[in-house]
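Two complexes come next, and they have one chain in common, chain A, joined by chain B in the first and chain C in the second.
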Partner chain A sequence: MSEPVYRYLGARGALRRAMVGGVLAAAVLALVPAVVSPFQLLFAAEMLIQCLFALAFNLLFGITGLLSFGQAAYFGVGGYLAALALVHGWTGILGVLLLSTVGAALAGLVLGYCCVRLNEIYFAMLTLAFGQMHYAGARQWADVTGGSDGILRVPRPPLRLLGLTLPLDTGLAFYVLVATVVLLTTLFLWGVATSPFGLMLRAIREKPERAEFVGIPVHHYRLAAFVLSAACAGLAGALVVLLGHTATPEMLFWTKSAEPVIMSLLGGAKVFLGPALGVLVYAWLKEWLSSRLVDYWMLVMGLIVIGCGLFFRGGICGALAVWWSARLAQRMSYVSTRDPQPDQIVRPDDSR
Partner chain B sequence: MSLLETHNLTKSFGRMIAVDYVDLTIADGQLTAVIGPNGAGKTTLFDVITGKLRPTTGRITFRGQDITGLPSHAIVSRGMARSFQVTNVFPELTVTDNFRVAVLSTRRSAGRHGVRGSAAGAPAEVARLLREMGLQSYAELPCAALSHADQRLVEIGLALAGRPHLLLLDEPTAGMGPVETVAMTHLIHNLAHHERLTVVLTEHDMQVVFALAERVVVMHQGRIIADGAPAVVRDDPLVRTAYLGQ
Partner chain C sequence: MMPADSLAAYVLNGLVQASCLFLVASGLTLIFGVLGILNFAHAALFMLAAYLAAQVSAWSGSFWVALLVAPPVLALVGAGLEWGLLRRVYDAPVAYQLLLTFGVILLIKDLIKLLWGTAWKTFSEPPVFSGTLVVLGRPYPLYNVAYIGCVLLIGLALWAFLHLTRTGKVVRAAAADRDMANAVGINVPLVYTGVCALGTALAAIMGVFHGPMMNIHLDVDQDYVVEAFAVVVIGGLGSVPGALLGALLVGMLDAFGILIIPRFQMAFIYMVMAAVLVFRPQGLFGMRETRV
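On to the complex of A and B.
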């Protein structure tokens, strides 16, 4: 029994890494309010929500290999559900978040059922079509959604937890809520990605047909990933509505669906936290470029994304990984070129 | 006792009939080679049997159960495994993870079918596959970094992970050099005779066929034109005209 196999299969190592990572991330998130202004704190909360949205998208894209161009639909469903519930007098904020998550998951279940049968470009086109249908619905169904104005003046009730009532009207309090929700959901997604279920998803990404022929019901697994991704996108949408006190049809527009695609490509879709890095880089680039180029910043951003697609397929994380493994290979002459020996292959016979 | 039976199995693509009323019975424990010129319908026959393609007409029975029209994953979880003509592994996953996927997915389906199915014991099973395929030293490498012949071994390991009753190998030695071909022939021989696995393979290399097969089935234009012991089939005049072109 070779030692490396056990090391690799050990779930305990994964749990320990999750705990260490979680504590580190919590420490970093706790330091943010100490170093930024209250206004920047709201910006930080927005970035964290965007991270959640991008990581949820990447469960489908980077891990399962499905490029969805309609994740804004679930972001919007979650956001509108939260806005409607709050405007109609719901006061339990955790209940609202749960409603948005479950509602988006249900939407993902119905629409995902239609989408997961398709591959590649057909999947992308169908998700885009469903996304735009949601956008049109949000604009046209004015009696409920407020039409093109959206739902304005959404209240942000206090958080009631364990008998305590914590007001969320300060930037700091709301930041703490967002940071906690995003951190917990990210840890959950990490657990999914590193579980046996996540391994099956990666196998499906690599070769759907081969996955089917080792006995994986590919459509069921894809649908499960789709529902999880939609649920987390819905949660992110609800947080955005709480942050800005409004739900607008732009939340469901296709450009909102394109954001996580660009962020994942920039940061690196094959690495779990790559899209989160992409969110930071995207925000920084947008700030830096738009302060210099004003109206043309999108043009340069487009060129950067094209450059990523052509030369840095794995994004920033992918490029770092390639550089790192090249160094490692140099040090250890990592890749063996030895041919298989016949006596090695017929080993079962020898052991008898 | 027969493990696999096909009745009047037909697959047509428009006017092209790729598999034409094939009645094939595979006995338990027998090593059968399906041969025939390119385009004879061998791979299509495998595709129809394993559920990749739906048959146009006909029935397929596996271990006494009708499996016609079932999705591939359901057929695989009933104990039928296959390899592909073009190497088909998970290239970016490590060899260990390739085997893990296969082992865990069989255990999952075993759990659904009421057999003990848990992740417990999976590491031992993965280690067994690495050992039997002789791939321990490559365990942590991504499959894409392996040589073609080693990737073929990974693929056979994937098929063996579920401890199948029937193994279908589509041209297992395609693209291999002479040394690797001998090694693969040994491996298949061991699987059939020591692991008591029922194997059906298609093959172009006649040396491999006559070294391994206990029974040879010859296909031509979608039909079975000869079926029997290797020596008998080799001397069959119909086979010589159709296949060997003499």
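On to the complex of A and C.
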């Protein structure tokens, strides 16, 4: 699969793109409450949070080239921190979100420091070990985490901002909060991915040895990406706890870590919004299949996932990009008659 | 210090756990060592074997028939898996191998649900081993002791196969250098298919042996797959003796961890796994950049 060429757009170009994309996305997100029922709105909020989690994961995977198999650890740390803070009487919702983000970032800093020196499969295994360690901790440190039941009945206090108090009990109000947070974080991640820093991460993904050789401190950059990814995952975890009013150990189990991996691969890990597309397509497919084939939707889903692994290596976005560039090339071949076609080029070797 | 009889019971429990983990992990590490693929569906295959064994023993009323039927059937499944799917992703990044094996897990789970439903299954041990054995004056299930003994024999047989037979030598050659093995006339794809079949059969044997000691349900694979990964990583990815050592270590940690630090017994295994990865990524028995 060919990745679209990422240019460093310059501060102004990047800002313009971010603003255009942000306004478009905000318009789409604002239309959602108008077309769906209140119950579906909560479902939409959950999808958005999943998108954020997948995008955070993909900063490590698609952009930096590190397959983390333990992102659920940071998702869960964020979730549990939020739940604990709210249960123990915190009322500032923005403070709680900040606490979760910072807490997950700190966990990412400490654990990432150990992980980033390893490559490929060893990196994946170490992140898996750390993730399971968190899971075991949440399961067994029952005095604090509530054991295998988790923390239940987490309150959702109203949002206090600029002297206003906005209750969040309705689906619509909560959806607006989630959509705003997810949109802003996604724009931030997009800024990271297209900044010079993001280009460095891509260089590291393509060939760590070469990046090291030209003087990029590979481990530092990887650690920075790890911390950012963990922070955003923690934020997503906090939002999930606010949504469901519970924090359970399943948030930290390895199957939770597998989700963003599958979604990113399904949507296309090398395109920035690919993982989000993967989340939406997976959710839609699951819904559509399970309404039709009640008992054996997993069978069909398994076949689709296998098909993706075998034939559509770039995911949906990759397949679209291939199709689009083929179409483009075809059209170009009609238009440009002045440029020599590859088979018309006479190479020096051929004349001998 | 605890009395000798309860110490013996803890050691035996640890050995049972180690035996079960060794059977899963040895197949996993063999497949990784030779094929270079981390098969996340390995534990799902063991689960399939357990269901199959429960069905066969319900039909025939005998544990032994189940033991005769399940491993060969699963070996065929494993061979089909390699032939149909895995050989297409040898050169792909780890993530795609993960995606593919995740798809296989979904397939197997739904297949099980279609065939056997969602109810828990059980089957019982053979009557010969249903008694108890007195260990240091304390009764202990005979079946568990027989289990440990059988797994020890299987481990020895596996080692002998890999190191004393010509076929084993061919397998090790294919693992060490695929292209060179191909060049000297070894049918490498056939070796790969065979190894995948063997590894899956080992998981199936575990499914049958462990079946009488557990409730077989649809999520039983999730509990074993990560512990099996821990064993494989601690011992060294691709090393069969490493898998044995790792299984012993994790089994004993499971048994004694609950005595020493009951609160963090589960986390302890992963701490060891993480420590090994941080300080000796190639594992206790693995060598850097070589497999098997």
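Note that the second predicted complex is superposed on the first by the 315 of 352 C-alpha atoms of A that agree within 3 Å, B and C clash if a C-alpha of one lies under 4 Å from a C-alpha of the other, contacts with A are read in each partner's own complex, and residues count from 1 in each chain.
Assume a residue touches a chain if its C-beta (ideal position, glycine included) is under 8 Å from a C-beta of that chain, and two chains touch if they have at least 3 such contacts.
For clarity, every value in this text was computed on a predicted model and none was experimentally measured.
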| item | value |
| --- | --- |
| Partner chain in contact with A:Arg139 - chain B first, chain C second, else both or neither | second |
| First, second, both or neither for A:Val218, with chain B first and chain C second | first |
| A:Trp254 touches, of chain B and chain C: first, second, both or neither? | second |
| On chain A, positions contacted by chain B and by chain C | none |
| Chain A-facing residues of chain B, complex | 50, 52, 71-74, 76-77, 81-82, 84, 88-94, 96-98, 100-102, 104-106, 108-109, 119, 122-124, 126-127, 130-134, 136-141, 145, 147, 149-150, 153, 158, 161-162, 179-180, 182-184, 186-187, 190, 194-195 |
| Chain A-touching residues of chain C, taken from the complex the two chains share | 38, 85, 88-89, 92-100, 102-107, 109-111, 113-114, 222, 226, 229-230, 233, 237, 263-267, 270-271, 273-274, 277-278, 281 |
| In the complex with chain C, residue positions of chain A that touch it | 61, 67, 114, 118, 120-122, 124-126, 128-130, 132-133, 136-137, 139-141, 253-255, 258, 261-262, 265-266, 269, 295-299, 301-306, 308-310, 313 |
| Chain A residues touching chain B - in the complex, by the definition given at the top | 1-2, 4-6, 8-9, 196, 199-200, 202-203, 206-207, 209-218, 270, 335-336, 338-342, 344-349, 352 |
